[in-house]
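What follows is a set of notes on a single structure, which appears directly below.
Chain lettering (A, B and C) follows the sequence in which the chains are written, and residue indices restart at 1 in each chain.
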Amino acid sequence: MKRRGWIDALFIFPCAFAFIMVIIVPFGLGIYYAMTDWNGVNPIVNWVGLSNFQGMFSEPQFIYSFLITLMYTAINVVFVNIVGFGLALLVTGKLRLRNIYRAGFFVPNLIGGIVLGYIWQFIFNNVQVDMGNALGIAFLQKSLISRPDTVIWAMSVVNTWQYAGYIMMIYVASIQSIPGSVMEAASVDGANFFQRVRRILIPMMASAFTITLFLTLTNSFKQFDLNFTLTNGGPAMRFMAKPIRSSQLLAMDIYRTANQQNLMAQAQAKAVIFFIVLVIFSLTQVYLNKRKELEA
Amino acid sequence: MRKLLSLALVAVLALSVLALPASANEKVNFSVFQLKVEIDPMIQAFGKLYNEKHPDVNVTVETLGGGADYGGALKAKLTADQMPTIFMIEGQGGYDLWKDFIADMSDADWVKDTDLAFYDPDGKAVGFPIAMEGFGLGYNAEILEKAGVDPATLTTFSATKAAIEKIAGMKEELGLDAVVSVGTSVAGGLWWVTSQHVFNAFYAGYQEYNDSSVYDALRRGEVDQERLTAFANYLKLLYDNADPNVLENGNYDAQVAAFASGKAAFITQGNWIDPNLAQLEATFPMGYISHNFLEEESTGLYMAAPSWFVVNKQASPEQQKAAIDFLNYMALSEDGANYMVAEAGMVPAFKSVKLQPEGPFSKALVEASARGGNFNWYFGQNPDGFNQGTLGPIFELLATGTVEDFVADVTAAFQEIANK
Amino acid sequence: MSQLEPVAGNKRRFRDEGRSPGLIIAEVGTMLLFLLFMVPFLLVLLNSAKTAKEIIFSPVSWPQNWGQLGENITAIFNNPSTDYLGAFVDSVIITVASLAVIALFSAMCAWALVRNRKGWSTAIFMAFVSAMVIPFQVVMFPLVKWFKIMGDAIGFPLLGTYHGIVFAYLGFGCSMSIFILHGFIKSIPMELEEAATIDGCSQVRTFFEIVIPLLQPTFITVLILNGIWIWNDYLLPLLILGSAGEVQTIPLAVTAFAGSYLKQWDLILTSALLAMIPIIVLFLFAQRYIIKGMVEGAIK
């Protein structure tokens, strides 16, 4: 087919233009500010080179935030995708109420902001503790979001609740684009449900996995809203002999550096490091997945 | 034809240029940007009233809600070139950041009528106190009476300790969950209750109102270990007699609800809980005692202005003048007093205002203010983010940790900022 | 109609109504999971029909009087600090307009990128993808500054306007949409488009008449994912529209109920419930579309 270059250019232009104006230019400005003494207020901005990048790695809170973000991301990618994929299998199956379920699993996405924090703090601090007391289970008698060793897991549970339905939508779209005859043929061949899923469905959904893994990876790494409203970074713990916040993920650390300490330039510098790390991780993931897609 | 058109165009242009100076007769527009959602309807109404009585100016009031990040929103306004004429600062940190935008108001009439103005390092009055707020250890008079404790006698550490222990022994017959309602959870957003307000007793307690010597020494890194240990023991006493679920997880609503429902005899909160108590229909008599962490007798409360209105120095001179007139009217007119006290329920920061607020704790503050012997606030002078980021976790760790660790952590934290 | 039978070893594919033990377990298990997922939503619903005092003192109880829900709704609409109805209308305008431009332009862009297998198209695609990792906090202040500069330069303000925020949503939303659409367009066989061209279809018509209809289920996914984000977004509207500008959205309006000390939970929870309803209705509506698409696909 003969394609006209100018039509393609015209097709690409609107997104590319908005993208450059809304993300690329401000991002460039952001990198520039990372090398200045900008405080968000003073119009006179001086160039300070890389000095904002020094010192952040001797800050116990930043180091801990970095480590905990990696751990949180790993837990989340696994949880959200397993649950999301499982839900997608269920709601594309023969269940009687599958349409209601689909909406139901998606509803958590509609609860955000302070309401999310309010509801889930209540669930952990009251419902869970009352249950622990009633059942006599010591593990549940203290709120999971007020213990440094469990808080990340509790956040992952809430994030999975919130985000699995979202990821489910992508899996559903992918399952629906697979011709039904392929699965039926396999079923005639005597393959059971799990064999069919593993040998046929998953390989055919390779491109969907690239998308979902990427989305969960980047979104977990960038997690902010849930962190802010559910735990606000707490509870406190000791790390490298200093009291710090045990669930303060990187995005929140950056936010607090910028807005509570009013160190805008240092926050921008942290954000640049954050960006570089995330690019490395996510591009590695996309590269590995794409290789898998080709194999399939 | 075309010539005629261009001629007409030039004429229009010229006219519009000539017309410009005439706009001096137009209204002076200026704006207020504030963050207290609680008083939004009242200050809007006051602004409207002001506009009606002053046809030559037009004030618009904008409120940022949600306990949202006011500093961030103000920065966004600055970047968008929509800097308000009157905005708020909450202390030294805000002043340092925005000082290029803060006008001198030393000559304004309202300055003479208050002790709570914000002064810059050169001694110029720059901040208009929005209200007076205060706190101490709030008590439920009904419970104390049933327990046979007279609040008037709770003026020393040992008396307070004995009373708390006595009530702790009668928890069941008094129907209490805990003696003290106090929260320190970072997650619950209550870090400020202990690491700002209760700790302010350490900065300011047992001194003259304007004596900042303890605080100044602290900022030089000289930490009085004896005083700090005494304070830590007092705080630990409150923590040990609190409901652990409120202390370690609770949010503001949970803390206030425990007190309002009569499940706790004391609360570590200020007069801003009056509207919450009204919402929860708590009608029992209540009052304040001081945070008594030493054996010296004291009844003083901790009161100051929580935030100040400042006028944007970079606004036009007409706008600045209109803004200062507006603030004068708020402080010195009957309409202003009516708005501040009767409508918004605040404790006025101005001496000429004779109206009295309705809220029980606000009333207690007005009485304490008349009695004298009160203490200033200093926590607002700590570096930005220090109270929440550094002290917050330290105060939370005391809930499960020891007084010794707490003293060492606080000492280290102040020595670190002193060395910078 | 469906491709999957969650039934171990069931070969009787023609027995559609077959209720094997496996399916029953799946039914019951899913129902329980569904109920578990709905618990937080139920808490919102129950507490929307209570007074603030009731919410704080007994948050899990059944409401004493469901009529309170109506009173809370009236209180929201009559609140002097916020124009909830206006914010609702603005939210609808902004969400619908943003979704329209995001879906259309992203599909156009993704299609042009997929069908040009060249170095530059991969580079542009990778640029879109890697931008998804940029944390919003890095660009937010520079963005406001840049919008101000641009608005002044073209004499057409971007801050505080509908087109400004829609433009911003296109910029932020197109990355993920292109990423998803790109993946799905690749799976559309080239032959279909080639056949259309041979029939004399122009490139533009091929896109609108062949590609777009094939993308329907993916479109719905993209619309829903973006729709929820835009509908609930707080920070971007705050920065672009301001907290008291002419144009407001629901998340901005709701903050009028949350003071720094006094949070009016009755109004906050009720308005959260009100804000959810249109999205749930839309979702159920879109579902029927998806199902319809599935049926058509099965018939083909």
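Methods note: contacts are C-beta pairs under 8 Å (C-beta built on N, C-alpha and C of every residue); 3 or more make two chains touch, one makes a residue touch a chain.
Owing to the predicted nature of the structure, the values given are computational and were not obtained by experimental measurement.
**Q** If you tally the C-beta contacts for B-C and for A-C, which one comes out higher?
**A** By the number of C-beta pairs in contact, the winner is A-C.
**Q** Considering only mean CA positions as chain centres, point out the chain farthest from chain A.
**A** B
**Q** Determine the centre-to-centre distance between chain A and chain B, using the mean Cα coordinates as centres, and give it in whole Å.
**A** 37
**Q** Return the distance between the CA-based centres of chain B and chain C, expressed in whole Å.
**A** Taking the average C-alpha coordinate of chain B and of chain C, the gap between them is 39 Å.
**Q** Taking each chain's centre as the mean position of its Cα atoms, how many Å separate chain A from chain C?
**A** Chain centroid spacing, chain A to chain C, equals 17 Å.
**Q** Would you please write down the residue numbers of chain B that are in contact with two or more other chains?
**A** Within chain B, residues 66, 75, 79 contact more than one other chain.
**Q** Residue numbers in chain A touching 2 or more other chains?
**A** If we look for residues of chain A contacting two or more partner chains, we find 40, 114, 126, 258.
**Q** Can you pull out the residues of chain C that are in contact with at least two other chains?
**A** Expected reply: 140-141, 145, 254, 258, 263, 265.
**Q** Sort out for me which residues of chain C touch chain A in the complex.
**A** Residues 1-11, 13, 16, 22-23, 26-27, 30-31, 33-34, 37-41, 43-44, 59-60, 101, 105-106, 108-109, 111-113, 115-116, 124, 127-143, 145-146, 150, 167-168, 170-172, 174-176, 178-180, 183-184, 186-187, 190, 193-194, 197, 203-204, 207, 217-218, 220-221, 224-225, 228, 232, 234, 251, 254, 258, 263, 265, 268-269, 272, 275-276, 279-280, 283-284, 287, 290-291, 293-294, 297-298.
**Q** Applying the document's contact rule, which stretches of chain A touch chain B when the two form their complex?
**A** By the definition above, chain A touches chain B via 39-42, 61, 114, 121, 124-126, 129, 142-143, 145-146, 230-238, 243-245, 247, 256-262.
**Q** Can you tell me which positions in chain A touch chain C when the two form their complex?
**A** 1-4, 7-9, 11-12, 14-16, 18-19, 21-27, 29-30, 33, 40, 87, 89-90, 92-97, 99-116, 118-120, 122-123, 126-127, 161, 165-166, 169-170, 172-173, 175-178, 180, 182-184, 187-188, 190, 192-194, 196-197, 201, 207-208, 210-211, 214-215, 218, 221-222, 224, 251, 254-255, 258, 264, 267-268, 271-272, 274-275, 278-279, 282-283, 286
**Q** In the complex of these two chains, what residues of chain B are touching chain A?
**A** 66, 69, 71-72, 75, 78-79, 93, 97-98, 100-101, 185-189, 191, 245, 248-251, 254, 383-385, 388-390, 392-394, 396-397, 409
**Q** Name, in rising order, each residue of chain B that touches chain C in their complex.
**A** 35-38, 40-41, 44, 62-68, 73, 75-77, 79-82, 252-253, 257, 261, 272-273, 275-276, 279-281
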